[in-house]
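Next come two complexes built around chain A: one with chain B, the other with chain C.
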Partner chain A sequence: MSAAKRVQQWATFARTWHIFDCKWQDPYLSANVIKKYLMGMHKPIYHPMNDCGDVVVCINSRDIALRGDDWRQRAYFHHTGYPGGASWTLAWEVHNKDPTMIIKKAVYRSMKGNLQRRHTMQRMLIYPGEEVPEDIMQNVTNQIRQLRPVPTRLDHIPEDEVKKYPKVMEYPEDYVLK
Partner chain B sequence: MVFLTIANLIRCRGPDEFWRKRKIFRLAAHYIGRRRNCYSVAVRNVHHALVYATKARRLKKQDMKDLWDTRISAACEQHNITAFSMREGLERSNILLDRKSLSDLAAWEPKTFQCLAAVASRKLHLDGFIDGTDQKAPTGKNLNLDNVILDDWLKEKK
Partner chain C sequence: MSFLTRANCLAKNVILSTFVRSISTTKHLQLKELHERKEGSTLIVEGVTVPSPHTELLIRAEKIKDLAPVEKTEHTCYMCALDLDVKHTDVLILSQFVRTDGCMLPRRITGLCRRQQKKVGKMVSMAQKAGLMINLTPSYCKKDPRQRYAYKKFNTYFDENTIFMKKIPKPVDKFKR
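On to the complex of A and B.
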């Protein structure tokens, strides 16, 4: 390999579009992953002053999963600036109002507060469902791996497959199942 | 050649005050407003600036180290190896490169870095080294999450 070929790199400074499926993902853990792609920290040419961040398209943000009792316990604070303007909204209320808000705030908070942060956030597109506009979807070239596998629900497994599954024992005839 | 100090020397031959203040004003020359015109304000800001400069000499080194670490871990991720095991593997194969040269290779000579990553992972494979940090973030060979390198390692005969 010649010296020129060895160091040749294609599309190093290109903006890549990634897609991330938020289904059953913890928004606060996946925020750290999304942040990495938004800021370009996954590239060896990364520098804070270097505009090398990518675009991340988040889909299924309606189906995020919060830890433990967080839907009821976690409150989002807002202040209008006027006296008595403070308000606390619970996570489930925020999510009902706008299904993209929680993941957006999680990514925003995971980044360091500087002048670049709001511009970096512009590169993040969030969709509550799986429907993404065609002109956006045609740019996407990479999928970010989910942090945890999406669990299979028992009522989503086909009936005959459940019946085929090996049993430890049969219930007695007179056993009352709730 | 113009000697600017000579005019001042003639004007002010008395006690040291003018020259003492002048030294501070020279350091505050690029400040804005009263910070450069009033001595009492200027001297405070110059002292702060000198303290910051002293601290920053260490911070600059730390910042560069953080930047190199970010770049190295980014490059390692592209080759399915954690920065930790990359470091361990290179050390075991007696390739003693520091952060700076590794990150330079990652940015400017990606093929060289790829070979280094291959050497490191091969060496770790031969040594039977298992990266504990891999357990939480499995690095599969393809996007199938069930296929985890760690499991392959454990199954293989060593």
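On to the complex of A and C.
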């Protein structure tokens, strides 16, 4: 085997580290994207029996965004195994307790329930904020594109830019400004 | 008898005089701003005539040449004619339709058609719930979306397609016959 072919072989089977910024992202929609990188489905050599999955580092999991009234509509079920041991926890209560749990469960649920799933989940690292340990950050070589643009708050836009922005609405002549 | 008629006359005069006074010959219908100031112990509230801050930057479909004209029905307004794809994250547009306390302006002031008024109003409330216009809120607000109560403190986004939907279909609904 030539040297070039050998390097190509290493590059093919090496694990790539991806980073995903969860800020203002829907965890249930981004789980379908993260899943592909975790299982290696984005590679042409993918096969279920082929261990070609990558590592995904999720940051800012505290700032995920749920659609509509999902924070109080979604319930997470748990059963202790004892009679009367069922409990339903709302999404916002889960997120209060552990800001990494919703994205973790979303990715876990997006994958097929086989023996490989728990090993694949081991390759996913979640951090609630932007602080990632240095030894993990230096492995990262790729960034997964966000699904939704992060919205800008009105008070974060400079005031003169707000004033100079083209206007659509005109006040009637006898309006009293408040 | 004469006394009665005089009283009647007086009463008529009173009504008439108030009626006459409500019509002013000077131009009082102009955009105003309320200014409050204190001189000693007296509070002076005066309406100062101001030029509209929107006039110079105003965009209208009639002035844009390339825009395809929207067929005129009785329910179209300037927003329909512009045919903008406004999202609830476009706070620079939505903030024009609200008061300083973040309340949506009524239709007699915005001049929108019924459908657009409903759409813009819903998008304003979406932007407020998402905490994107936190500086346009009542004075008792803490001005920080993260300090809101319970589930409200977390980030929320909305789908504009749900605005005119009668009922949001659940994922199980597609299996129903």
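In this section, the second predicted complex is superposed on the first by the 156 of 178 C-alpha atoms of A that agree within 3 Å, B and C clash if a C-alpha of one lies under 4 Å from a C-alpha of the other, contacts with A are read in each partner's own complex, and residues count from 1 in each chain.
We adopt the following convention: a contact is a pair of C-beta atoms (placed from the backbone, for glycine too) under 8 Å apart; a residue touches a chain by one contact, two chains touch by 3 or more.
In this text, all values refer to a predicted model and were calculated from it rather than measured experimentally.
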item	value
Which superposed partner A:95 touches (first chain B, second chain C, both, neither)	second
First, second, both or neither for A:107, with chain B first and chain C second	neither
Touching partner for A:145 - first (chain B), second (chain C), both, neither	first
First, second, both or neither for A:176, with chain B first and chain C second	second
Comparison of chain B and chain C by chain A residues contacted	C
First, second, both or neither for A:41, with chain B first and chain C second	first
Partner chain in contact with A:1 - chain B first, chain C second, else both or neither	first
Set of chain A residues, in rising order, touched by both chain B and chain C	149
Footprint of chain C on chain A - complex, ascending	24, 26, 63-72, 90-92, 95, 148-149, 151-155, 157, 162-178
Chain A-touching residues of chain C, taken from the complex the two chains share	29-34, 47, 50, 52-55, 57-59, 78-79, 82, 84, 89, 91-93, 95-97, 99-101, 108-111, 130-136, 143, 150-151, 154-159, 162, 168
Of all residues in chain B, those that touch chain A in their complex	67, 70-72, 74-75, 77-78, 103, 106-113, 143, 145-146
Chain B partner contacts - residues on chain A that touch it in the complex	1, 6-7, 9, 41-48, 143, 145-146, 149
